[in-house]
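Next come two complexes, and both contain chain A; in the first it sits with chain B, in the second with chain C.
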Partner chain A sequence: MLQLIVKRLVYGFLILNIITVFLFVLIRLIPGDPVRVQLADAAVSQERIDELTAQLGLDRPLWAQLGSWYAGAVRGDFGESFSTGRPVASIIIERLPLTIELTVLAMAVAVTLGIVVGTVSAVRRNSWLDNVLRVGSVIGLSIPNFWLGLLLITFTSIVLRWVPPLSYQGPLENLGQNLAQMLLPAAALGVVLSASIARLTRSSMLEVLGSDFIRTLRAKGASETVVLFQHGLRNSLIPVLTYIGIQIGGLLGGTVILEQIFALPGLGRTVFEAVSSRDYPLLQVCVLLYGAIFIFVNIVVDVSYGWINPRMRRAD
Partner chain B sequence: MTRSMRHRTVVTVLTAFLMAISACSSGAGGGNSPEEAGPPKPGGTFTVLMPSDTKTLDPHKESSYNTHERIGLVYSRLLREKISPDLEYGDIQLEGDLAKEWEVSDDGLTYTFRLRDGVRWHDVPPVNGRELVADDVVATFERIRKEGFQAGLLQNVTDIEAPDDHTVVLRLSEPFVPLLNNMANHHMWILPREAIEGEVDLNTKAIGTGPFILERWDRDVATTYRKNPDYYEKDLPYLDRVVFKVVPGQEARVAAFRSGEVQYAAASTPEEADTLRAAVPDARMLEVGSTTAVLLYLNQDRKPFDDLRVRQAISMALHRAQMGKVLWRGGKYPAPVQQLQKYALGQEELKRLQPYDPERAKRLLAEAGYPNGFRTKLMVTSGYGPQYVRQAEWLVEDLAKVGIRVELEVVEYATYFSSRWPGEEYDMGIGPQTPFLEPDEHLRVQLHSDGARNWFNISDPKLDKMLAEQAKVTDPNERAEKIKEIQRYVLTEVVNPINVWDRPVRVFIQPNVQNNNPQPAYGFPELRTTWLAQ
Partner chain C sequence: MSDRFPETGGAGLGTVVPARDESVVDAERLPGEGRWDEMRRFAKTQPVGVASLLVIVAFVVLAVAAPLVAPFDPVAQDRTAFLVGPSGKHVLGTDDLGRDILSRIIHGSRISLYVGAATIAVSMVIGTLIGIGAGYIGGAADGVLQGIIDAVLSIPPLVLALFVAALLGPSIRNVILALSILEIPRFARIARGEMQRVRSEDFVDAAVALGASKVRVMLRHGLPNILPSLIIVASLGFGIVIVAEAALSFLGIGTPPPNPSWGLMLSQGTTYFQTAPWLVVFPGLAISLAVLAFNLFGDALRDFLDPKLVK
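Moving on to the complex of A and B:
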C-alpha cells in the first residue's frame, strides 16, 4: 500500500514538472504581448515598451526565464503578477477558497441528485418514472453547464424577480449572502454532472441487484430495505466514487466560465483574466495548480480504490 | 463558447469582458433637468456595473478605461468638461476644475493657471485634508513627464513652475494649442505631492480633491466611494455613495438592472437594447453616439493597399446606410473626429464624401490593375463582442460584390491588440476607434507618418504638414476649420483607416435618476451633479 502511494507520488511529481516546462513555453508561444496589452489605449513610444519589457524580464532568453522561475519556485517564490505587481502566491491564496467552495457545493448537488435519481431509476426500472428520469439525465448530459447558468440567471430574475447579490462576500463574512451567491452556479455545475452520476448509479445498481449474492440475501429472507440500501447501493457505489473523483477536474474547468458569468472572484476568473492579459507568472501557477489538483485527486482515487475494494490491493 | 456570454474590453473569450467597452467607456445617463423633478434631493447610492476590474489605481501606469473610470470620482483636473443638461453629448466646453482662471501668452509659449483657493485634499492620511497648492500640480506633471504613458499630452512643455502657492506656469519650446484641451483630458488627474514622493501606495490608494472619497477597493468585486463633505463646490455631490461592481456577464447585468439594483445599463447591440427595454419598461432610453466608430483599416505596407484607388474602391463598396439600418438599427455616417461636435463634419457632407458606388469601385480597381478583384484577409477579434464579427461578415459580403474576395480571420483579443495590429501583421483589420478627447491626440498619433500608433503605415507628406500646422493655430475657430479640412482630406485622399459606421450606443436609465448628463469622458464626471428621486 505504502509502495503504491510512493510510486504514484513520484509519477505525479514528474508529471508536474513536465506540465511546468510545457506550460512555460506554450504560454509564451501564443501571440500577444503583456506590455502592449497593459498599454492598449495609449500612444507609447517603442523605447518605453522595450523598457517595460526589460523590467518584466521578457527580453531574456526563454531558458533563462525558466531557470529563474524554478529558482524562485523551490524557495516558494512564484514571482509577481505582471498586471498587478502583487505576489502570485498571495493572489492564489486569496482566490482559491472560493473555487474550492464552489466545487464542493457543486459536487454535493451532483452527488445527492445523481445518486438519488440513479437509485430510484434502478429500483423502479422500466417504469414510467424510470423513463422520465432517464430522459431527464440524457438532457442533463447534453446541456453545457455555462448555458444552464445563463438560463438560471435569466429565469430567476424574470420569474422569481430575484437576482443573486452582486458583491461577493466570503462565507466567514456573511454566510447567508455567500450561499445565495453560490446557489445558482453550484446548481448549474452540479445538475449537469448529476446526470452522468445518475446513469452510472443506475446501471451499476442494476448489475449488483442482478448478482448471485443478492439472490442469496433475498432467499435467506432479508428485508427489501436491507437488500437495496445496505447491500445493493453500497456495492454499486464503488465505480460511482471513482467516477466522482475523476470528475473533480471537470468541475474545476467549469468554474472558469461560471465564475465569469456569476461575477465570482475565484481562481477560475483569475485564470480567465490572466489569459486575456497575458499575465504569464500568474497563469503559470494557476494552471499548474489545476494540474496538481487533478493529479492529487487521481492519486487519492487510485489509493482509495484499493482501500474500498480489497481485491485491488494485492493486484499492485 | 463565451460568445454566448456576451463581449471587450477587453478583456476577451475569453474575451467576454471586453464587450462592454462602450458600455462603460463613459457610462451614460439621462438628460433630465432638475426642474422636472423638483429641487435636487441629496442621498442615495448609485451603482454602476463594470465588466472587469482595474489592475491598479495608479493613473500614470495604465491607460485602460478601467483605471480611469474608477479614479475620476476621486481626483480633479486643472480643467474639465462642463456638465449640463443644455449641452449635447459630445459638445465639450471647458471650464475650470482646480484652476479658477487661466491665460495663454500671445506667442502661445506660456500657460498660466490660477488655482482655486481653499481646495482641500480628502481627509485621509497622510494628506489629512491639507490645502491644495501649486506644488502638487508641478509634482504631478513632473511624474507624468518622467513615467506617465500620457507624457505626449504635455508635448513641447519644457518648464513647469509654481511661482506661488496658487499659480502654475507651463513654458513651451514651441506652440502646442491642444495643451489646453489636454488639461481636461481624463488621464490628467492631479495627485498630492505626498503620493508622488511615495508616502501613498498609488497602486491601491487614491487620495484626491474630487467629489467622492475612495472608501474601499475589493479587487474584482467592487470599488466603493462616499461623498466628500469638503468638496469645493457647495452642496455637491448629492449622492451619498457610489459603488462600482464588477460583473463580467451581460446576462447578470441585465438581471441586476431588471431588479433595480443598478441605475443604468448600456446596450452595445440592438438585441441587448431589446432585452433591456423588456426588462424595465419604464426606464428611459438615451441614444448616444458611440465614442468609438467602427474602423476598417488597411496595411499600406502590403499590396494592393498601397494604391489609393484600391482604398477608395473598398470604401465605395460599403453599403453603409443599409448596414446601419440592418445591423445596428441606427447610427450615423462616421468621420475621424466624430464625437467632438466642435470639429465634426455634417451628416450630408459625410454621406457625400463616403458614397456607396460599387460600379465606380470596380472601375477604380480595374484602373489600379485589378479588373477581377483580388484575394485578401480581414482580421477581427471576438473580444469586442459578437456584433463586431457580424459587422466584419457584412463587409466581406459587400466587398465580394466588387470582386474582392475576403477571408475572415477571427483572433483572440490580446493577440489582436497586442501583437497582430501593432506588429502590422495583417492585410485588413476591423475594430473600434479608441476614444479620445482632443483631435490632435487622435489624428497625429494615428495618422502622422511618425505617429506612435500609426499601425497602418500611412505616410503622406501633405497630411503630415497639415497635422503639424493645426497644433499651432491659436484661434479656436480657425483651428476647427483646419481640422475639418484634414478630415475631408483623410476621407478622400488617404482613405485609411476607412470609417465604416458610427454605431449607436443605447443606455437605459432607471426612472428615478435625475440630472445625469454624461459626456464622452472617463471618470463619470456627471455623477457630481446626479441625484436620485424617491
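Moving on to the complex of A and C:
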C-alpha cells in the first residue's frame, strides 16, 4: 500500500514538472512579447520596455529562466504578479480556499445525487421511474454547467425573488451567507456531474446485482438491505470512483466560469483575471496548481480503492 | 486511468474495444455484409442513434443555409426593438441591441459546427499519427509521449483552453488551435492503446513477415482496425468542443463579437437575466441540443461497433 502511494506520488511529481516545462515553453513559443502586450496601452519608451524585460528575465535563454523559476519555487517564491506586483504565492493562498470549498460542495452534491439516482434506477430497473431518471441523466450530461448556473439564478431571481448576497464572506466570517453564495454554483456544477455518475452507478450496480455472489447471498437469506447496500453498492463503487477522479478536471474547469458568473473571488476568478491581463507569472502558477489538484485527487482515488475493496490493498 | 474517452458515457466505461475481425478493410462488418446492409442494421438496432443523427443533419443544414433560413440579419441592430420578448415578429425575442435571437442562433450553429469540425479534424489526424507511431514503435519515445499526454490531460480542459487562447488572442482560428491542443492527447491516447493491441495480432505479424514496411503496417493494417474507436472519440469529442467553444466565448476569450456565437449570446444574458430571461434560455437550449445529439450518436456508435456490449 505504502509502496503504491510512493509510486503514485513520484509519478505525479514527474508529471507536474512536465507541466511546468510545457507551460514555460508554450508562453515563450507564442509570438508577441508579454511585456509589450502588458504595456500596449500606455505610451512607454523603449528604455522602460527593456528595463522591464530584463527585470522579468525575459531576455535570458529559456533554460536560464526555467532554472531561476525552480530556484525560487523551492523557496516558496513563485515571483510577482505583473499587474498587481504582489507575490504570486500570497495571492493564491488567499484565493484557493474558496475554490476548494466550491469543488468539495459540488462534488458532495454530485456524488450524493448521482449514487442515489443510479441505485434507485438499478433497483427499479425498467420501471417508469427508471425510464424517467435515465432520460433525465442523458439530458443532464449534455447541459453545460455554466448554463445551468445561469438558469438557476434566473429562476430564483424571477420566480423566488431571491438573489445570492453579492459581497463575498468566508465560511469563518459568516457561514450562513457563505453557504447562500455557494448554493447555486455548487448545485449547477454538482447536478450536471451527477447525471453521468448516476448512469455509471446504474450500469455498474446492474452488473454486480447480476453476479453469482449476489445470488448466493439471497439464497442464504440475507436481507435485501444487506444485499443492496453492504454488497451491491459497495462493489459497484469502484468504476464510479475512477470516473470521479477523471471528472474532477471538468469540475475544476467549471469553477472558473461559475466563479465568474457568481462573482466569487476564488482561484478560477484569479485565472480569468490573469488571462485577461496577460499576467504570466500568476497564470503559470495557477494552471500548475490546477494540475496539482487534479493529480492529487487521482492519487487519493487510487489509494481509496484499497479502502473500498480489501483485495486491492496488495495490488502492485 | 487507462481509458478516458467515454467522457460522457456510462455503459461501457473502462472497456477497451476488443480485437475485431481480422479482415483489414471492413473491420466491423459481419461476414457477407455490404456497406448498405451495415447501415440498415444500424438503423434497426439503434433508433436513438438515427434520431440523433437526424438532429445533427438538421443543424448542419441550418448552418449551411443560414442566410436563407434566418428571418433577420444576425448582426443588424433594430433601435425600435430592444429586448423584445418572444413574439410573432421575433419568435425567440431580441437582445439589448435589437438583434433577432432566432437568426443569431441559426448563424451561431455555423460557428459551433465549424469550430467543432475543424478542431476534431486537426486533432484526429495529428493525435492519431502520434498515437499510432508511439503505440507501434514503443520504447523511450513512447514513454516520453505517455508523460506528455498525462501532463496535458491533468490540466482541467477549460483552464488549458483559457491559457492557450489568452496567449493567442481572441479569434475563431485561435479557438480552434487552443481546443486542438486539448483534443490531440485524447486521440493520441486511444490510438496508442489500440495500436498496441493491434500490433500483437497475427495479421500484423503476417504483414511484417511478407516484408511490409513499418509505415505500411501502421497505416494500411493498423489504422483501419482502430478507426471505429477513433470515430467514437470524435463524436463524443464534438460535444466537448462545442461546450468548450461556448465557454471560451462566454468568458470573452473565444469567438470575438459581433459574431453570433452561442456562448457570446449567453454572456449577454448575464446582464439582463432578470428582465430578459429569453437571452439566457434559448442559446443554452441550442448548445444542449447539439451536444445531446452528438453524445447520443457517439453512444449509439459505441454500442453498435463494440460487440462486447451487445446484450
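Everything that follows uses one rule, which is that the second predicted complex is superposed on the first by the 270 of 316 C-alpha atoms of A that agree within 3 Å, B and C clash if a C-alpha of one lies under 4 Å from a C-alpha of the other, contacts with A are read in each partner's own complex, and residues count from 1 in each chain.
Note that a residue touches a chain if its C-beta (ideal position, glycine included) is under 8 Å from a C-beta of that chain, and two chains touch if they have at least 3 such contacts.
Bear in mind that the values here come from a model prediction, so they are computed numbers and not experimental data.
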* Asked: After lining up the shared chain so the two structures overlap, which partner does A:A71 touch, if you call chain B first and chain C second: first, second, both or neither?
  -> neither
* To do: Check whether A:F146 is in contact with chain B, with chain C, with both or with neither, and answer first, second, both or neither.
  => both
* Counting only touches as set out at the top, which of chain B and chain C does A:L166 meet: first, second, both, neither? -> first
* Quick one: classify A:V132 as touching chain B (first), chain C (second), both or neither. => neither
* State whether A:G249 touches chain B only (first), chain C only (second), both chains, or neither. => second
* Asked: Should A:I93 be classified as contacting the first partner (chain B), the second (chain C), both, or neither?
  -> neither
* Asked: Touch check for A:V6: first (chain B), second (chain C), both, or neither?
  -> neither
* **chain B versus chain C as contact partner of A:L26, first or second or both or neither** => second
* To do: Have a look at where A:L175 lands relative to chain B and chain C in the superposition and call it first, second, both or neither.
  => neither
* **Where chain A meets both chain C and chain B, residue numbers** => 30, 32, 144, 146-147, 150, 153-154, 157-158, 257, 260-261, 272, 275-276, 278
* **Residue ranges of chain A touching chain B (in the complex, touch as defined)** => 30-45, 48, 83-85, 144, 146-147, 150, 153-154, 156-158, 161-163, 166-168, 257, 260-263, 265, 269-270, 272-273, 275-278
* Residues on chain B engaged by chain A in the complex (per definition of touch) -> 1-2, 4-5, 10-18, 47, 49, 52, 55-56, 61-65, 149-150, 152, 203, 218-222, 243, 245-249, 251-252, 254-256, 258-259, 261, 411-415, 417-420, 422, 434, 441, 445, 451-453
* Asked: How about chain A: which of its residues touch chain C in the complex?
  -> 14-15, 18-19, 22-23, 26-27, 30, 32, 137-139, 141-144, 146-147, 150-151, 153-154, 157-158, 196, 198-200, 202-203, 239, 242-243, 245-246, 249-254, 256-257, 260-261, 271-272, 275-276, 278, 283, 286-287, 290-291, 294-295, 298
* Structure fact -> Within their complex, chain C touches chain A through residues 1, 4, 7-11, 13-14, 147-148, 150-160, 162-169, 239, 243, 246-247, 250-253, 266, 269-270, 273-274, 277, 280-281, 284, 287-289, 291-292, 295-296
